[in-house]
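Shown below is the structure under consideration.
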Amino acid sequence: MEKPRVAFFDFASCEGCQLQVINLEEDLLKVLEAVDVVTFREAMKEHSDNYDIAFVEGAITRKSDEERLKGIRANAGVLVALGSCATLGGITCLKNFHDQEYVRKLVYGDKASHYETYPSRPLNAVVPVDFKIHGCPINRDEFAMVVKALLLGKNPEINNFPVCVECKMAENICVFEKGMTCMGPVTRAGCGACCVTEGSFCWGCRGLVDDPNADSQREVLATHGLSVQDILGSFRLYTGFSEVAK
Amino acid sequence: MELQLIEKSDHDLFVQNLINNYQVEGVKPKDGSFIYGSIKAPEELCLDFDCTLISPKKYFLPPKEALLQFALTPDSEITPLIENDPFILFGVHPYDIKAINQMDRIFARGVPDPHYLQRREAALVIGVDPTAVAPRSFWADMGASTVSEGFDLMFTDMGEHFIVEIGTNRGRNLLEEHAKLKPATTDDARERVRIRSRISHICKKRGFAFPKRDIPKLLEHSWNNFLWEEQASKCLSCGTCNIVCPTCYCFDVEDHVDLDLAHGERIRRWDGCLLQDFAAVATGENFRETRASRYRHRFFRKGHYLFEILDDLACVGCGRCASGCLPDIADPVNLFNKLKEG
Amino acid sequence: MNQPMLEDSPYLPKWAEITRIEQLTESEKLFELRLVSGEPLGHTPGQFVELSVMGIGEAPISVSSAPAENGVFELAIRKIGNLTTAIHGSVTGDRVGIRGPFGTHFPVEEAKGKDLLFVAGGIGLIPLRSFIRFVLDHRDDYGEVIVLFGAKNPSERIFLYELEQWGNREDIVYLDSVDKSGPGWQGNVGVITTLFSKIHVDPSRTFCIVVGPPVMYRFVILEAKAKGIPDRQIFLSLERKMKCGIGKCGHCQINHLYVCQDGPVFRYTDIFDLEEAL
Amino acid sequence: MSNEKIIKVNHITRVEGHGNINIKIRDGRVEECQWQVVEAPRFFEAMLRGRKWYELAHITSRICGICSIGHTLTSLKATEAAMGVTLTGQTEKLRRLLVHAENLQSHILHLGYLVLPDLLKVPSVVPLVSTHKDQVLLVVRLHRMANEMSDLIGGRTIHPQRPVVGGFTKWPAAEELETLRTRLADSMPDVEALASLIKDLAGNLPDFSRETEYIALTSADEYALYDGDIASTDGGSWPVDNYKEITNEYLVPHSTAKFTRHKRDSYMVGALARLNLNYDHLTPKARGVAETFQLRPINYNPFMNNIAQLVEVVHSIDDSIRLIDDLLGNGIKDEKPSFSIQAGRGVASVEVPRGILFHEYEYNSNGECVWANCIIPTNQNHANIQKDMEAFVPQIKNHSEEEIELMVEMLVRAYDPCISCSTHCIFL
């Protein structure tokens, strides 16, 4: 069987998700045995437009990027969105809540007209996306799981239950009991509740589960002392592109 | 009933002896709560906890467990993985023992499940009577203040010493080999009854406003009660109530493959009936599509369905679900009392 | 230490070899299998197996052949998810894992000497075929036999060759219908219940066996009752998500029943008043 | 017919972010020579407006995956400066360890995955997996150690979790630190092997020098990474609060990133700048490595930035061991951060792998950010890259197009630019 040809691309992002791929360390070498990586700008000079699977990191933040993404979509058999920026719009959507002209002026002053920008959006707002690997950054094991599934010809099984499940299994004290608040009850699991485990709280970086009970989450946050503004802020941090945050 | 006595001053020695000879798992503090974990020194072991975050079911039905190991090549052997390393589980409250007893029956009934049963067999269970009651516990009302089986030894903290009830021969041997014992007198036995009823009395502050044996009947007439909808509208479908519950045992099965794509494992992991996709099938059909139907299912399972199988309610009153549920709708006491009110 | 206890684990599949594959429709294939050990599967019509492709997963699949067909058995599988797609990609000679047979079966014995009314919707015909073939193999043991088969459209009709045979047989009544007509279709059009007006049964001696999609049951049962067939002579096979097949994982639970062990075949009287069953 | 060489690199590879190189040489005359940054701008400073004090480090960490630890720490320090939070010695030491962890992560990644292929004249590390398996495994081992060090101290390899305003949420256990210490000490043979590999190939680094200004943090008593004053090789030193006097930002039409200049047209930041300004504080072992490459201050060859990174790898390992011993000596304590939220303005700076980084925030009394500014190392280097190119290309103009392309790419890569970082600075 011929090895599948794999390419990596990035748009507006911190490139941390591609770095997570490199961070597979020894396992990356195993991946390299199973697939042919034909494009990975962050790590290699080789480049090819002939690939089966495209992993695409980053959000779309300007009209001119749409063409490049559409080109990738046209070449790729399978397109996988890599990380929150690509799957949700992620952190980059925070700017959507300011007037775009104001944003440009704020950062680039009277030279603002040189800098094209429009409200940030996830890949699937521009082209169809086959699979999503959520997270900011992505979880290395989940990336490996998706690669393995694609190699075996199966659809990767991406969780649709909230972070609380993994958080309880990790035997964490719920942060609400510690006087903090948490997006875990509406956020898609798969990270092993890593933030709570590390003493923080769930920021919501993996996006919402398919059917989040946003009303109840708002109520829970409100009973724990968050103002309406803060609650919106919590939803907007990562899922600003989704309806519940608007 | 056979009772023995261990002086508090001799207790550390006993625990140390166990540590020297066995893998010992017990209760440890964590961030102001308690969890079960491995005990490496006597002072780590905590016996005066109110309730742990997750019940000891994790030792018999681990959150994630490999069932089979296989190679992807045709004809290769498939090897079941069955864990039966002996270990001591030190510090299990009677309500959790009651839950373990229920699980034992579930996993032995019909087609027995050796993955569970062997682990269970490998464990020596040392129970301990509660010295404190968690805010949402109601085990006393669930008839789980004491248990008569399911433990090898049962400790009761009597202040200066522990009284140890011997549950099995395995327990007796362990005790005789590793502890400095004194015989317990009938006065000690009487005192133990008193201490137990005192703590049980504290726990009784929470409970049902009606006899709990009426619960199955109550549910039979409550299928269409408005409460399911009303309460479940707040449900986050977070599955917390399932995960923490000592009597919940549903699981999912998945194949995991190594990166070499040549070897793999079939694993099972905890699942929960409150989670959205629990009853969803490949066609897209979801047999419990609404939050309310999933929410109701859990209470029916605890109070009715499993009753038909176990002849007992599948809730032992630990209150873990109640304290873990953020919108506070998972508490059996609140829900059943509300249902009763109508 | 992990100690292998080979024969003890109910999760351990047996190897079976695919001996024949037949494309039934665009999305359904028939697989003929033989256990590598040489032993017969030993099922009774209505039972299912847990089929594995190691590395992909496991799924419950009804046995579609009648018992004891030369040591081979048949599964008919719709390609819909991971496991079913993987099996669709396999070729003759490939090996798969089999656990089971599991669950309850159709009233093969009880219905002897009685009349049978089979009602199949879509791929509900897969498990029913096992019983129908058994009855046809033992035709003298049973009375009148009627088979009603409904499909969404002509292209979703499975086992075409057999349907034609059944239609040509003198000793059974075979009627079918499609919800929506399609190219070349000249038969009945309409939901399956419309076929009931075309048949006559002696209700007291008729066993009605129904398998189809969840929505179908309620309507078919009404028709069967309208014909006067007693509730306890109505049988149906239910589908639920399954992960273990041995009554542990909880996914298939309906009330106190586990569909994998207490079902999938139920007598109507045992479940008619159970919420969530139908 | 005129002799024309056109070098056009769209999206230079093996760097972080998107940058282009445009060179046109006609009849031996360099007509065009441009370094363009085309990364999509992300406007972080705007995003920060209105966000809560505890979110800023989380958000700014996402400026760059490779320097996420540096952004996190700089952000925390800026918030702490704004709110007058004091830190314990333990916190400061753990943060210093974290800076080392990131330095190791980033430098090893750069040297092993990005520079080594250049020196071995292959397009990427992929072919090396078969031709130089042992060397690749060595790099992987060192990189994994650095990642696990970040995991242990920061709670994640990138976008760290544990460092928060005022301290940490979780602390490594003594045994964990001991294990780390052993691993660091045991990694020296690997580092030496990497050093000698690079030494053997160092002849492939172009011999090119251009006098410029170097800017980095300095401190009286250490090789300044986590803290210090701003200093210049042209003389002078400034408190971090005065950072704007140094980092005069300006925009150029061909780039989405901003350029900076100080006394001259441009200046350079990064490992070489640090080494030029902090040489005396290198550990003896690190200085020994510098010596084998004849790397002494002030060195004006930008390609030597690669070697300066190698020297810093040794320094970071040595100094981490010292810090761990110090931490273990005092015993690790659980120290819950304590402070009160206040309005205020604060500036902070940390030396991240690519150079000096500044964050400045202003908060209102609710702890909401009302104004923010981040000045990123690569931004400060863009102008210097441009000026280097202008000086370098005429020197190599007689080479073939391919050779020029490779050498100019190597020049850009020597800066280890982190472009995605650099495209969102506020205009004041």
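As written, the chain order gives the labels A, B, C and D, with residue 1 at the start of each chain.
Throughout what follows, a residue touches a chain if its C-beta (ideal position, glycine included) is under 8 Å from a C-beta of that chain, and two chains touch if they have at least 3 such contacts.
Protein names from UniProt, one per chain: A = NADH:ubiquinone oxidoreductase; B = 4Fe-4S dicluster domain-containing protein; C = FAD/NAD(P)-binding protein; D = Ni/Fe hydrogenase subunit alpha.
Quick caveat, the model's predicted, so the values are computed rather than measured.
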- Message: Relative to chain C, which chain's C-alpha centre is the most remote?
- Response: D
- Task: Identify the chain pair with more contacting C-beta pairs: B-C or A-C.
- Result: B-C
- Please indicate the chain closest to the centre of the assembly, with centres calculated from CA atoms only. A
- Message: How many angstrom lie between the centres of chain B and chain C, each centre taken as the mean Cα position?
- Response: 39
- chain B and chain D have mean C-alpha positions lying a whole-number Å distance apart equal to 51
- Note on the structure: Between the Cα centroids of chain C and chain D the separation in whole angstrom comes to 65
- Query: Rounded to the nearest whole Å, what is the centre-to-centre distance of chain A and chain C, using the mean of the C-alpha atoms as each centre?
  - Reply: 43
- Task: Note the residues in chain D that touch 2 or more other chains, in rising order.
- Result: none
- Query: For chain B, what residues touch not just one other chain but two or more?
  - Reply: 254, 257, 261
- Message: Which positions in chain A are in touch with at least two other chains?
- Response: 152, 157
- Message: Judged by the touch rule stated earlier, which pairs of chains are there in contact?
- Response: A-B, A-C, A-D, B-C
- If you look only at chain A, which of its residues touch chain D in the complex? 11-20, 22-23, 25-26, 28-29, 32, 37, 40-47, 58, 61-62, 65, 90-92, 94-95, 98, 102-104, 106-109, 111, 114-115, 117, 136-137, 194-195, 198-200, 203, 230, 233, 237
- Message: So in the complex, the part of chain C that touches chain B is made up of which residues?
- Response: 1-6, 8-13, 15, 54-58, 80-81, 84, 94-95, 97, 214, 239-241, 243-244, 246-251, 253, 255-256, 261, 275-276
- Message: Could you list, by residue number, the parts of chain C that touch chain A in their complex?
- Response: 55-56, 81-82, 85-86, 89
- Task: Give every residue of chain A touching chain B within the complex, in rising order.
- Result: 27, 30-31, 34, 144-145, 147-148, 151-152, 157, 160-162, 164-165, 168-169, 171, 173-174, 176-178, 184-186, 209-211, 213, 215-217, 219-220
- Task: Please give the residue numbers of chain D that touch chain A in the complex, ascending.
- Result: 11, 13-17, 39-43, 45-47, 49-52, 55, 58-59, 62-66, 68, 109, 113-114, 117, 123-126, 129, 136-137, 140, 143-144, 147, 155-159, 161-162, 164, 168-170, 251, 253, 256, 420-421, 424-427
